[in-house]
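In what follows, subunit A forms one complex with subunit B and a second complex with subunit C.
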Partner chain A sequence: MASSNNKPPAVSLDNVSKAYGRVRALKNLSFSVGEGQFFALFGPSSVGKTTTLRMISGLVIPDEGRVALHGADVTHAPIKSRGVSMVFQSFALYPHLTVYENFAYPLREAKVGSAEIDKRVKETASMLKLGHRLERKPNTLSGGEQQRVALGRSLIRRPNILLLDEPLTNLDAKLRHDMRAELKRLHRQFGMTIIYATPDELEALSMGEEIAVMRDGAVVQKGTPDELYERPIDTYVAAKIGAPHINLLQATVAENGQSLKTGFGSFALGRKLGAKAGDKVFMGVRPADLEIASPQSADLSAPVQLLEPLGDVTVVSLGEKSDNLRIVLPESRASEIKLGDRLPIKIDTHKIHVFSAADGLALR
Partner chain B sequence: MADTRSIWEKLGFRKASGVGEAGWGHTLFAAIISLIYFLPVLIIILTSFKLQTEALAVPPKLLPTTLFGLIPEQYVFSPTLENFTSVFSRAYVAGGAAESTGFDRFFFNSIFIASTSVLLALVIGTLAAYGFSRYALKGNDTYLFIILTTRMLPAIVVIIPVILMFRISGLSGSYLGIILLYTAFNLPFTIWMMKSFFDELSPDVEDAARLDGSSEIKVFRKICLPQVLAGLAATFVFGLILTWNEFLFALLLTGVDTRTVPVAMNQAVGGGGIGVLWGLLAAIETLFLIPVFLVTFFLQDHLLRGVTFGTVKR
Partner chain C sequence: MTSVALSPPAPDFKTIAPDNWKLAIAVGLVVSVLATLILPANAAFWVVGAMAAMVAASFVVNAYRRHYYGGLLVSPAIAVLFVMNIFPLLWSLGLSFFAYQSNQQTIRFVGLRNYQQLLTNDLKAPELWANLTNTALFVVLTVTAQMIVGFLLAVLFAKQFPLRKYLLILVLTPMMLSVVAVGVFFSYYYDPTFGLLSQVIKAWGGEQFILMSSKTGAVAGIVFADAWMWSPFVMLLVLAGLVSVPKYLYEAAAIDRVSGWRRFWTITFPYIRGLLMLALLFRTIEAFKMADLVILLTKGGNDTMTISYHVIRIANEQNKTSEGAALSYLLLFVVIVLTNLYLYIANRRSQGA
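Our next item is the complex of A and B:
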C-alpha cells in the first residue's frame, strides 16, 4: 500500500475471479486503492478493466474472492449501499430525459427534496459549464457535452468512489486533453477516490497517482508511474509503459554471469544476474537511455535503418537484421543523419533491464 | 459554369437533407402513389353516400359535386345519409317499421374485443420480450422459435381444435373466449417485435440507472419503457389492425351478443336475395375505418420510427 496512514483502503479486491460462460474474464485479481487516490487501471481492451469496475460498483458479483470498500466486505452487498458511481465508456445517458432530468435522476432515486434537487442540478451544471443545456435531450449535445453530463450525473450525489471506464475514448484529441485536466481538477476539488480505466498509457501515466497494469484478467504490476517505468516486473509491463517502447534484444548470459551477449555485441552490467551462464534472456533498454557518443567511448555502433520524425524529436531505428534498437534524438541532431549511417552509441548500463526469455520476468 | 445536376435533380428531385425538405418532384411522386393506394378507400367512402341505384349506375356516378361545372351532370350523384342510418336501424320488410340492427352493439364488441386483447397482449408480450432480451437463459432461442411457430399455421388449420376446446370449456360465444384467443394470437408478434426494440437499447443505460439507485422494476418502468414508446405504438397499431379485421375466428367463435363488425357486416349485406347492398356495405366499412384511422393518426409520430424498427432517427 502506498498510503502511509492506518485507514483501510477505499477499495480492495482480494483474489477475485469471474467467468462469463467459458470465458474467464478475471483470474485471481487483487489490488487495493488508497482513500482519495487517483488510481489508473491500465491494460489493452478486453483485458477485464470494465468487469473489474463493474465488480466494484456491484453490477457484477464475483464467482470467487472478496470485494471490500473502506474495509467493509461488500462482495454480495446491494449496489445502492455502496456509494459508488460510475461513468461509462458509452456515457449511458438517459436518452429520453433532458440534461436536467439526467442530473436529477440519482437524487430523485435517493428521495432528495425537489428544492435541493434544483439547487444541486444547477450547481453541477454551472460547474461543468452546462447551464445553457439543461433543457436539451442528450442526443442533441456534442460528444464533449455528453461526457460532461455523464460526469455530472455521477458526481451529483457526491460518491465516495468514482469509477471512470475509458471516459475519454469517445472524444477527439483536443477534448481529451481538456478533459484530463478537468478530471484532475474535480479530483482535487472533491477528494473522492477515483479509479480510472484506460487503454492509453499516456492517460494512465499522466493521471494515475498509482497504476495497476492488467493482463488477461489479472494485475501484473501495481505501482507509481516511476516504479513501473524504472522497475518493470516483466517484459509485458516494460513494453506497455514508456514511449517510444523499450528496446528488447535477444541476449545470452556470458560465462561470468555479469554481461550479456547480443547481436550488437557484449555489454557488461556491473552486477551479478540471478541467471546461469548461457541462459537465454531479453535485454531491455529504453530509447531515452541510449545516446550518441564519440567513436572511442561507444559501446556499439550500428547502421541507421529507419527515421521516424515526430516533430521535436525523431525516433531512429538502428540495426542490420531483425534485431533493432530505437533511440530518440532531438530534431536538430537527427536532421544530420541519413539512412545507412553508422552511429556510435553509448548505453547507460545501470539502466539496462534483464528479463528471462522463458517467462519474461525481470532478473535483478 | 456547367450544370452538374443530374437529370433527376433537373426534374425537381433533389437529395433530401432532412425531413420536410423533399423537392416538388418527390412530393408529386409521393402524392400520386398515395392517391393510387387511397383510391379504393375513396371509392368506399363515396359509395357510402350513394343510393343503391347510384352505386350500380353505368356509367359510374363519380362525385357528389360538379366541381363548378367541370364534371358532366351524368357523373354526379346526390349524397344521402340514408345508408348510415340504416346501418343502425332499418325496416327489414318493405314498408315495415324500422328496427334496430344491433350494429351499435357490434361496433362496441369490435372495439372492446380488439382493444382489450391487443392491450393485454401488449402488457404480457412486453414483459416477456424484456425477459427474453435481458436474461440470457438456456433455451431462450428455442422458446422464441416455438412462440413463432404458433403463427406459422394458417388459422383454418387450427380452427377445428380451437372450436372443440371452446365447446368443452364453455368459452364459445363469450367475450372472455374471443379475447383470450386474440391475445394469444397477438402475443408472438408482440414478443418478437418488442424484443427487437429492447435489444436495441444500450444495457449500459440500465446499469447506470441501477448505480443511480433504481430497483429492477424502476429500471424497466422509468428507463426502458420510455425508450420503446415508438415500438409500443407500432406494435399496438399492427395488432389492432390485425385483430380489428379478423373474420374467421370471429365468425365461428362469437355468439349473437359478442359478434364483431366483420361478421355482422357479412350477414347484413348478403341476406334478402336482392344482391349486395353496396351503399350499406360501404357505409359500414366507412364507419369501420374510423377507429383504426383515429388510432393511427394520433400515434403517427411514433409509428414512423416504430415501423422502420428504429432505422429512421427522430
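Our next item is the complex of A and C:
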C-alpha cells in the first residue's frame, strides 16, 4: 500500500540478510512500515519474525542490507539512539524488581525527575488496570498481568516505534481476545507505529492494518488483509490466510486456458489463463465462496465426508477420495445434513484462484 | 517387587540372630556400661569398641537380609565417617574434660577446669590474645582479597574470549593444589636470595628484599598466597551465578536503555548475591582455621601465629592434649555461633527484600 503522504516510512528494511552460523535466518528481506501503522508480521514459528524485530530494535546487526527508521539509516546505530521499544515473547520482566520498578526502569536513566516517574508509573498502571499490583514481584502475577506489565514497561517511554514479539502467545484464549482489543485501543490513543509479530492468522488479520507474510526468512507478500485474502500471490499465502483454509484441488487446464478439470468435474473460469491446455495447476476456492444450490444450477455434487461443528457454523468436508472440498454452512442448515448425503454445490467462478502446480505462484 | 516378598520376617526380639539389631543394641549398651564401670579404662575401651562393631554388623546383616541395598551401599561411607570424623570429634570432646598429656600415662577427670583456665588466665596472656587478633586479621584480609579477586575473575570469565576454556582451567589449578605445594612454592617465591620477588626488586635497582623481615611483609606474603590459592573457589561460585542470569534480561535492559551500574545492581547482582554469601561463609570458616600456610611460610615468626597454629603447638608439640582439645572446642563454638548469626542475618535480609 503506497503511503498517501510523502513522509518517509517509520521502518524500512532493505535487502536484509542475517545468518547464525550455517543457519540463514533472514534472506534478502525487504519491507517498509508507514508512520503510525499497525503492522503485522505473520508467519509460522522460526520463520525469522523475531530476528526481524530484533534487527529493527538494534539487538541484532544484519550481515547485509540496510535498516532505516524515519528515513535515517540506523543499520549500525546503537540501540539507545533508535527510540524503539520492544515487548518480548517471554515478557523479560526483571524478576527482582517490583512492578513499580519494572515500569520505572526505562525512565531511570532518561533524566526524568522522580515526581514525573511516579506520575507516569501510576498513569500507566491505571491504564493497564495494574494499580493494585505495583508493589508485587512479577513472578507473583498471573500471565495476563505479567503481559500487561511488559506492555506498560515498553509504553511508559512513549516510543515512536513499538515492537511486539508474539505478545499474546503465552496467554489463554479469553485473555488474548481482551488484549487484542486493548492493543488496538492503545494504538489509537498513542498513534505510534506498531510492528506485531504473530504466528496466529486471526491476530494478524484482525489487528494488522497491513500484513507481511513471511516464509523462510523472507517476505512472501505484503498487503492489507483484504488484498491478501482476495489476491494471494501463491499457494503459501492462500493457505495461510483465511479460516477455514482455502480448498486447493489438483486440476488440469482445459479449453485453451478457459476452464479447469478437477476430480469434481470441470469448471469454466469466465476468463483466460496465461497457461496452456494440459498444464497442471491447483484450483483454489475459499469455503465461503461455495454454497448449496438447487440440483439444476449446481456446478458439482459430492458426498459428505466429515462434519465439524464450530458453534454457529459447521465446516462440511465433501469428497470421495483424497481430494476434498470444505464448505461452511450455518448451523441451521448443517443440522439437516448427514454423512454420505450428496450435496449440490455452486461455485462463485469469479473467486476461483489458480496457482501453478510447479512453483505455487498465482496465475491471473 | 518379588524380592520384597521373599525377604524373611524380622526376627523376634529375644531370638539370637545376626540380623536382630534391636537385641544387639540392648546387649551392647548393657555390656558397655558394665565394662566401663568394672574394667580398667584401657580394657573397657576395646570392649565398647567391640560392642559398637557388633551393632554395626547387625545393621549390615539386617540390611542385607531385608534387601535395603541403598543402606548397604552407603554403609562403607558411614563407617569411614564414623571412624575418621565422628569418633575423634567425640573422643576429643571427652578428653577436654580430663587432665591428660599424650606423653604421660596418667589421666585425671577435671570437669570444666580446662575451659575455666583458658577463659580466665590464658586469654589474658598477651600471647594467646595476639594469636586471636592475628587470626581475625587473616580472616578479614584473606577473605576480602579472595572475594574481590574471585569476583573480578568471574566477571572476566563470564565473557567469551579466545582460549577462555584453557585459561579457566589454568586459573582453577591453584585451588586443586595441595596446600603444602603452595606453601613450598611461595616460600621459594619469597626467598631473599633466589626468590623471584627479591630478584625482581634487585633488577629494579633495589637491594636484596626479605619479605618476611617485618610483620607487614609476612602477613602480606601469607595473605597473597592464600588469596592466590582460594580466589578461584570464589570465582567458580560467582561464575555459576553470572551465567545463570537469563540473557533476555540484558536485552530488555538494552531496549530500556539501562546499562552500567544500575544494570549490574538490579539484574546481575540478585543472581549472584546468594552465591557470594555462600562463598563468604565458606572462606570465613576456612580462614578461621588458617594454620598450614603460616607453618609453611613463617613458622609463626614475626607475630604471625594464628589460633589454630597455637592449638597444634600446645596439643602436638607441648603434649598438652586435653588443653588443646578444650581450646579447639572453644574455637568450634565461636565459629558455630558466628556462622549461625551470619545465616540468621542473611535469611532475614533475603526474606525482607
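In this text, the second predicted complex is superposed on the first by the 361 of 364 C-alpha atoms of A that agree within 3 Å, B and C clash if a C-alpha of one lies under 4 Å from a C-alpha of the other, contacts with A are read in each partner's own complex, and residues count from 1 in each chain.
In this text, contacts are C-beta pairs under 8 Å (C-beta built on N, C-alpha and C of every residue); 3 or more make two chains touch, one makes a residue touch a chain.
None of these values were measured; they are calculated from a predicted model.
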So, after the overlay on subunit A, do subunit B and subunit C clash or fit? They clash
- Query: Which holds for A:G223: it touches subunit B only (first), subunit C only (second), both, or neither?
  - Reply: neither
- Task: Quick one: classify A:R153 as touching subunit B (first), subunit C (second), both or neither.
- Result: both
Item to complete: With the two complexes superposed on chain A, say which partner A:S90 touches: subunit B (first), subunit C (second), both, or neither.
Response: both
Per the contact definition in the header, classify A:P9: touching subunit B only (first), subunit C only (second), both, or neither. neither
First (subunit B), second (subunit C), both or neither touched by A:I79: both
Both subunit B and subunit C touch subunit A at residues 57-59, 79-80, 84-86, 88, 90, 92-96, 105-106, 109-110, 153, 157
Touching subunit B in the complex, subunit A uses residues 54, 57-59, 79-80, 84-86, 88-90, 92-96, 105-106, 109-110, 153, 157
Note: in the complex, subunit B contacts subunit A through residues 202, 204-205, 207-214, 218, 223, 226-227
Residue positions on subunit C within touch of subunit A in the complex are 246, 248-249, 251-259, 262, 266-267, 270
Residue positions on subunit A within touch of subunit C in the complex are 57-59, 79-80, 84-86, 88, 90, 92-97, 101, 105-106, 108-110, 153-154, 157
